[in-house]
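In the two complexes below, subunit A is the common chain; its partner is subunit B in one and subunit C in the other.
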Partner chain A sequence: MNSRNEIELKNFFIFNSTYCIKEGEEQNKILFYFPPTEDLNTQINNVGLVEAIIKFTGNFKSQCDTRSLHTLKTRQLYYQPEKNFWMTMTLNLPFKVKSKEEVEQLDYMEDEIQDEVYNAVLKQAYDLYYLFFGSFSDGSGSDTILLKSKLMNHFSPYLKSIKLAHCDIMNIFNGIHFLPLNKQNFLNVQCFINLLECTYKFIKYTAVLFNDCLIWSSVEPPSMQTIYQYLTGILLPAQMETEIQGGSMPRNSPFTSTHFGRYVTGPSNLKSAESLGKIPKVHLNSEKSSGTYYMILYRALSATVCLFVAGEELNLSLFRDLDEFMGPKLTTIASDIAEYCAKHITPITNADNSPRFIYFNKLNLACKSTVHLDNRQSGNLATGKDTIKIMVDMDDQKSLIGLSGEIIVKTMNDCWVVGRFSNSREFYLAMQQKNASLIEINDEVKKVCDTELKGIFFHPM
Partner chain B sequence: MSAEAETNDVEPGAAPESMLIISESSENLQNMSSSLDEIKKMQPDNQDENINNVDPDDYDDISCNTIATGDDYIKDNDWLGKSKHIFVLSSAGKPIYSRYGNEDKFASYFGVMQALVSFVQADNDSLKSIHVGNTKFVFLFKEPLILVSISKTGESVSQLTAQLNYVFNEIVSMLTLSRLSQIYQQRRNYDLRRLLAGVERLIDSLLDFSDSEPSFTLGAVKCLPLAASIRDTISSAIVQSCSKIKDLVFAILLANNNLITLVRMKKYYIHPADLHLIFNLVRASESLKSAESWTPLCLPRFDSGGFLYGHVSYLSEDCQACLLLLTVDREAFFTLSEAKQKIVEKLRRANCLEGINESLNVREETCAETGFPELRHYLYKCKSTAQFYQPGVGAPYMSDYGRLLTLYRRAHQRLHSTSRPLKLLYEKSSDEVLLAWDTKGFELYVVLEPSTDKSATIALIGKLLTWIKKQEDRLFHLNAPTF
Partner chain C sequence: MTEKFTYYLELSKNPVRFEPVNQLTNVFFDDSNKQVFAVRSGGVMGVVVKGPSEESKSLNFRMDDGGPVISIKISLDQKVLAVQRSTNSVEFMNFKGSNLDNKYSQSCKKNATLLGFVWSYINEVALVTDHGVELYSVIPEKGTLKHLKSISVTVQWFVWCPTNKIALLASSHGSQLLPVIFKPGSVSKMPKVEGDPGRMILERDITLGTLYGTAAVLILRHQNAPQASEVHIHLLNGSSSAPIKRHVLRLGLSGRFAINIVDDLILVHHQASRSSQVFDINLQGENDGTVTYHKAVAPAKSIQPTCLEIPGLLEPQKHACELYSADWVVFQPNIVIDAKLGCLWCIHLILPELCRQIPDLSVCTQLVLNRMNGKEVLLKLLLDRIELPEPPLQQLQSSFDCINILYRKWIESELQIQTASPAGAQLPSKIVFQPRVLITQADMYSRVFQKLDLANKLQKLEWVLISYITSLTQNDIPTELSLNEMLVNTLVKQEKNSALVQFLQYGVVSDSKPLACRLLSLGFIELALDMFARLGATEEIIEILLDQEQVLPALQLAGDKETPRKFLQVAQNTGNATLFHSTVLALRSNPHFKESFLKDERLRVYLNHYASLFPNSVNTSK
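Up next is the complex of A and B:
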């Protein structure tokens, strides 16, 4: 047998034990099961084991409720997003083949899978479902057929799209990359949004992105996190692909000559459209209320505007109106920003051996990484994977450190990894310097903080 | 670390030969030697091979009528809230041991644990641990027993597994592995508790001992600080008194969970994990103080297949050091008893008993008392001899040594993680600065005042290593005497 280097999805299921009342009807509690080809008996057995474990461990109360099961060959993670609803994900551990005295042995690498990362992946999977379909219990009603089909529609494609092997600390943070802008450009965006919201009162929330960075959002942060992950992880990459292929660039808008705006969700062709096309509805939660909104995405050059519209009857002329309003303005804004970025923001490259860092602020969800060479979980990294795993280890221990603190480690292959924690902010840095001393590393961290995190206060270490 | 280059060649406490087998940790029973057979083969007239034979009729199972009287504990918050539970059950699910409470009262719990283990096993896999928030449920399946730890202590799975291994070894040390397997081969449903009368007390003690000591985590033992001359005199007194006794494998002198000396048969070494079991035996048995005793003892790492026989006694009324003479000859009690008298006489004449007492009566110096005010505490392990040293515990850990141990355990785990081991760990929190350093020759764990800056930390470590080097022949047992 060959070695297996990557983490694999063994199964994924969602169940609710209260849906099985009589013995012999155990299949009723299974709401979704992947792979669908698994025979029913195995499905029922696997769900049964999870139920037994939850029951057994439930007696010993614990403060937080992240749960996982470690076996020699697999890792199973549990998440209960709503009462009685459990999501379970089982992963196959990677392994190496070792021959010991001519006998081949499989060496399963337990530490390759970090619970914190994959618990976050499970939660993200639920949040995305919630965004489009609302809660599990809303969807179930008296019989489970509807819920089952919703789950099927969402999770079957979703499971194929998550890149399990490339999940890492970014999933834990679930943060948002903000675009650092100068005042003028930022105010232009701000004015544009204010004018838009004033003109069209039915717009409840807005968000503006440039490429995969957020510039402005009035959506509550937890919902924005999920929308951001959806846009940057799933929708926009696909969109850009079609743009690159030149397929669907609109050349038929009456304003083509003056702007490049067009709808990503909504009517794709305003001139000839007879219908609105598919406009997704999303569930947003805010402190005051929660409700469903249409999510209209409009894009010009690299800028994307998301409009969240409540219950309004949408019609074609409204879209034409909006297009007329946003198109020229957004085109100008986008090209100004593009110009600014070209001058002031240097893209992250893999060119040198310079120190790499990841920054996350829990309060505003701001995240920045020079370890990841793109924002798409492609596994395109400037450091080894193990370095990021060490950062996850540190993140896991940060609660033990208190309000502020620092961890510095040197690995067996002389890579230094530094973690700093202060005021809900986390900063990680990795560098390869064989002969450096603790003090030199300290100086280096200071240098990077001074240049990259200007104005962000860390307790002096 | 800049001090690395300067100090690499110091390695305080290193010795050309060790009396202990050097090991990173003590997680497994692998590579069991068959040392006993070897030793006996050197003595053709020793035909007594009876020791591991079990007569199944002696152990007829008549106690099947232990009926579970409801699962009272499962609703008992006191019981549920214990920071660490340990359970031992047979692979058929029969309760054998529970750290807290009467195991018959939650027999169904044992049933569930067994079912979980066997369900996962049916899938050609094995259950290792369940994590729920900060509680870890760790399972160790060692044919024919299942051991389970439910812990909120923050220890890692591998550390908890190591502790379960110790519990398993403690049971083996009373029965031998061969006998244990044999019992269950003959009777899967056997109630092992009937054979383990008294072992429960040993396991209780072992768990308390390993929860409150860094030696188990480090896989090392601590020596009683003694002037090298005294230690050498003691060793040679033992060697002289016992040199003519055939079959004597180990002579171990210990006091207050510290090793004074260990004399061994040439070619044979003792594993720190076995030595910990011996320490535990002495620690747990008050009765040894009143009379010399003769006890069969299996050292699982040395040879899990058979017994050694131990003559165990305290040196004298006025010196509370315990001497163990371990032999393969089950008839040697009187010979060894005589030898012990000779040893005590020699030690008394050479004033060694006083030396031992003096060291026992003196409280270990804290870091501050040895001239390191910024240093709160440290552990130093010399890898080549599997010995460690720690100073006396000072403020602020006097009343909370457990917190310090938790820090050390965590640091040890980080350094020795199987997939991401580290050379160096520096951690600054609001409460303290911790530095853990793993080099070729030693491991060092240092806890300092939180205000200590990095350059001061490094300078201090250099100074500390020099200090340990100067003290090494007092703090460590540098010779490895043999019969």
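Up next is the complex of A and C:
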């Protein structure tokens, strides 16, 4: 038997026990099951086992605290996003084959899977479903057929797209990368957005991205978080691929007045379009901005504008209007920002051995990492995976620290990992330094903090 | 809109009334003093002088019979009367009260024909003849004149500009135009006005005036093509004041025109259409490198109709004045005289009405920024446009830019003045830049933004504030606290917390202690801490930390000035013995605070508390 290095998805299912009243109708409570090839009896058995575990552990603790089940070969994670609706994910642990006295032994690596990370993955999966379909209970009604088909439509492709092996602390933060822009450029974006909202009153919310960084959003952060993950994780990478192939890029003659704007969701070619194309409807869920909105995405050069439009009858002439309005302005803004970025922002490289950090601000969900070399969950890291695992553990323990504090860990291979918590921010640092003393490390951390955490209050430590 | 509101030009409500021209009476106007002379029977039956306004005291006197008067003007100090009755001499008479005495006269050079005369300065008079200009000094006490200077040049007719003391001498039927400038005791030639060679210009087609502080010659050019008349403006500010053609006004009409200048705007009246156009040479136009071509800033409109009260048989009657009548004579800068009616009006601009006729807010702003009383009008205009259901944000943006470019220049010049020059050093001639209309942040705050600070206008206020702050940023002007606070409050009132966070994040809202306190009171503790940290306000940070019972981090920030008591008090109040112990330990290990443990009696209570908590500890410091 070969060794297995990667985490595998064994199964994933969503159930609601209240949908099965009589014995023999157990299949009714299964709303979604992956892999679909598994036979019904196994499905029912698996779901039944989970039900039993949750019921049983519920005797000792309140239900929501049951989050995972550790077994020798697998890890099972639970998440109850709505009352009686449970999402369960079972992962196969990676293992190594060890030969011990001629006998082959499988060594399962339990530490490879951190519950916090994969619980976060479950939550992300639900949030994305909610964004497009609303809550489970809304979708079900008297009949579960509709809900089942929605779940099928969403989760089947989604499960295939998750890169389970590369999930880490970033899934927990589920943060947003903001573009470090100067005041003037930001205000120019603001003025553009204001003009847009003032001219087209049906636009309720807006967001502006540059590449995969957010510049502005009037959507409340919890919803924006999910939209951001969707855009940067799924939609825009696909979009960029078609751009590279030259698919939807309009080819204008150089003599017509050109701008580079075009719709990502909406009519792909305004000249020949007969229909509007696919415009997703999204469910925003926060105190202020609940409801469903059309999400129109418009892109010029590297800048993307998201318009959230409520209940408006969309038509082609409206899209033409908007295109005429946004195209030239957004093109100018995008090229200004690109110029600024080229001058002031240095990309993260893997070149040197300088300390690497991950920063997260709970307040605005801003996240920044020099540990990850891209924003794609591709496993392209500047430090070892273990250091990130230490950070996850620190994050898990932060409640013990209180309002501010610090944890310093030294690993066996002379890697130092420092976690600092202050003023709703988390700051993790990893550095490789042989024979360093605690004081030296502290000085190094202070140096990085002084340059990276300018302009905010961070507790002196 | 009522009919009343469609006029942007009006005649003065209270015109100067004088005896109309008739068989006996001749009427003269002196544009140096803006006085109208009604001369009855050559002065024998009396002369009435009125002006410049109806309220100013009128002058009555009689002159001896000496034949018909050609021209009559009083000296600039109102002491000497000069009358021209022949083509070779001018008579002078001194005023003694309202009577005249001491008649003396001055002839021009032999063989020359006198074309006219002007009072150039007090007691200086220039005779303009077909042979040139003769400048004399008048000595009223002696009743004589003294020759000062002459210029020899052929002259057919001339135009006088009393404000700039420039006379434009024309020869060769107006194709040669030579300006001469008068200085006290002297007169000198200036470079010629470049004209189209061989083209005749009539006297009535020339206007001399001042545009934005620069002397200007305005020449009306009648083109062969219909509706293509133009006004060519030569500004006398080239090297050694050489006149250079800078602007062309395209009238789009043909026929008879008259020109006035009001508040540096050029009014061109057209008789046939009975309407007037307004031009501003400071606005942008088509430019070919040297000459800018202008169109009227607003559609041509008639002057607002006006009435005169005429004594009737029973009661005064109203007489509607005929506008643009053939009897109108126009003088600079803004005078219209109807000699038949016996009326002298000044033309005034109704700026708000003119603005109403200019659809583009940005153009309108540029125009108003250059008007003498533009400030109130502009603030009102901005507010009006913002109050529209769909405020024209883009136009407002460029309007703000126009305002703030001037604001920026003014700030710079103010800063220069305030920069101290070394003592004893000759003060360099620092020119104060004082724009005609200066709209500061305080003006915008109190006159525009505060008016929008209502529950149903918050969104609008936010948009406009952002737009204004963007423009300030563009011009490197720091935003004042009042605006920052207003922006924060506007966002908070709309519950746009995440927007507020983003504005702070990108530094749109400038840091200040009052604002940080405001954030603190709104419950944005993290943001307040950040701002205090950026401001280096350690004391405030310590207070916040203590409020959160973070005694030890607060101690780490504490400098020497803090009193140990407040830390101890907070630590004691928490009831956390370990924390209290750490606090005492931290204070004692600090050399500065260690002292105060020995000196300050008030700390004893805490030491006692410590002893009660930890009875076994050895109190080493005692």
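The working rule: the second predicted complex is superposed on the first by the 449 of 461 C-alpha atoms of A that agree within 3 Å, B and C clash if a C-alpha of one lies under 4 Å from a C-alpha of the other, contacts with A are read in each partner's own complex, and residues count from 1 in each chain.
Here is the rule we use: a residue touches a chain if its C-beta (ideal position, glycine included) is under 8 Å from a C-beta of that chain, and two chains touch if they have at least 3 such contacts.
Owing to the predicted nature of the structure, the values given are computational and were not obtained by experimental measurement.
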Identify whether subunit B and subunit C fit side by side or clash on subunit A in the overlaid structures.
fit
Using the touch definition from the top, say if A:24 reaches subunit B (first), subunit C (second), both or neither.
neither
Which of subunit B and subunit C A:194 touches, first, second, both or neither:
second
Taking the superposition as given, does A:181 touch the first partner, subunit B, the second, subunit C, both, or neither?
second
Is A:400 touching the first partner subunit B, the second partner subunit C, both, or neither of them?
first
Which partner does A:36 contact after superposing on A: first (subunit B), second (subunit C), both, neither?
neither
Subunit C versus subunit B, contacts on subunit A by residue
B
Apex subunit A: angle to the C-alpha centres of subunit B and subunit C, given in degrees as a multiple of 10:
130
Minimum CA distance, subunit B versus subunit C, superposed model, integer angstrom?
5
Identify the residues of subunit A that lie in both the subunit B contact region and the subunit C contact region.
403-404, 461
Within the complex, subunit C is touched by subunit A residues 178, 181-184, 186-188, 190-191, 194-195, 197-199, 216-221, 224, 288, 363-364, 366, 403-404, 423-424, 455-461
Report the residues of subunit A in contact with subunit B in the complex, numbered from low to high.
45, 49, 52-53, 56-57, 59-74, 109-112, 115, 386, 389-390, 393, 397, 400-412, 414, 437-439, 442, 461
Residues of subunit C touching subunit A in the complex
390-391, 393-394, 397, 462-463, 466-467, 469-470, 473-474, 495-496, 498-499, 501-502, 505-508, 526-527, 529-530, 532-534, 541, 548, 550, 553, 556-557
Subunit B - residues contacting subunit A, complex:
1-2, 74, 80, 112-113, 115-116, 119-120, 124-135, 137, 150, 152, 157, 410, 414, 417-431, 454-455, 457-458
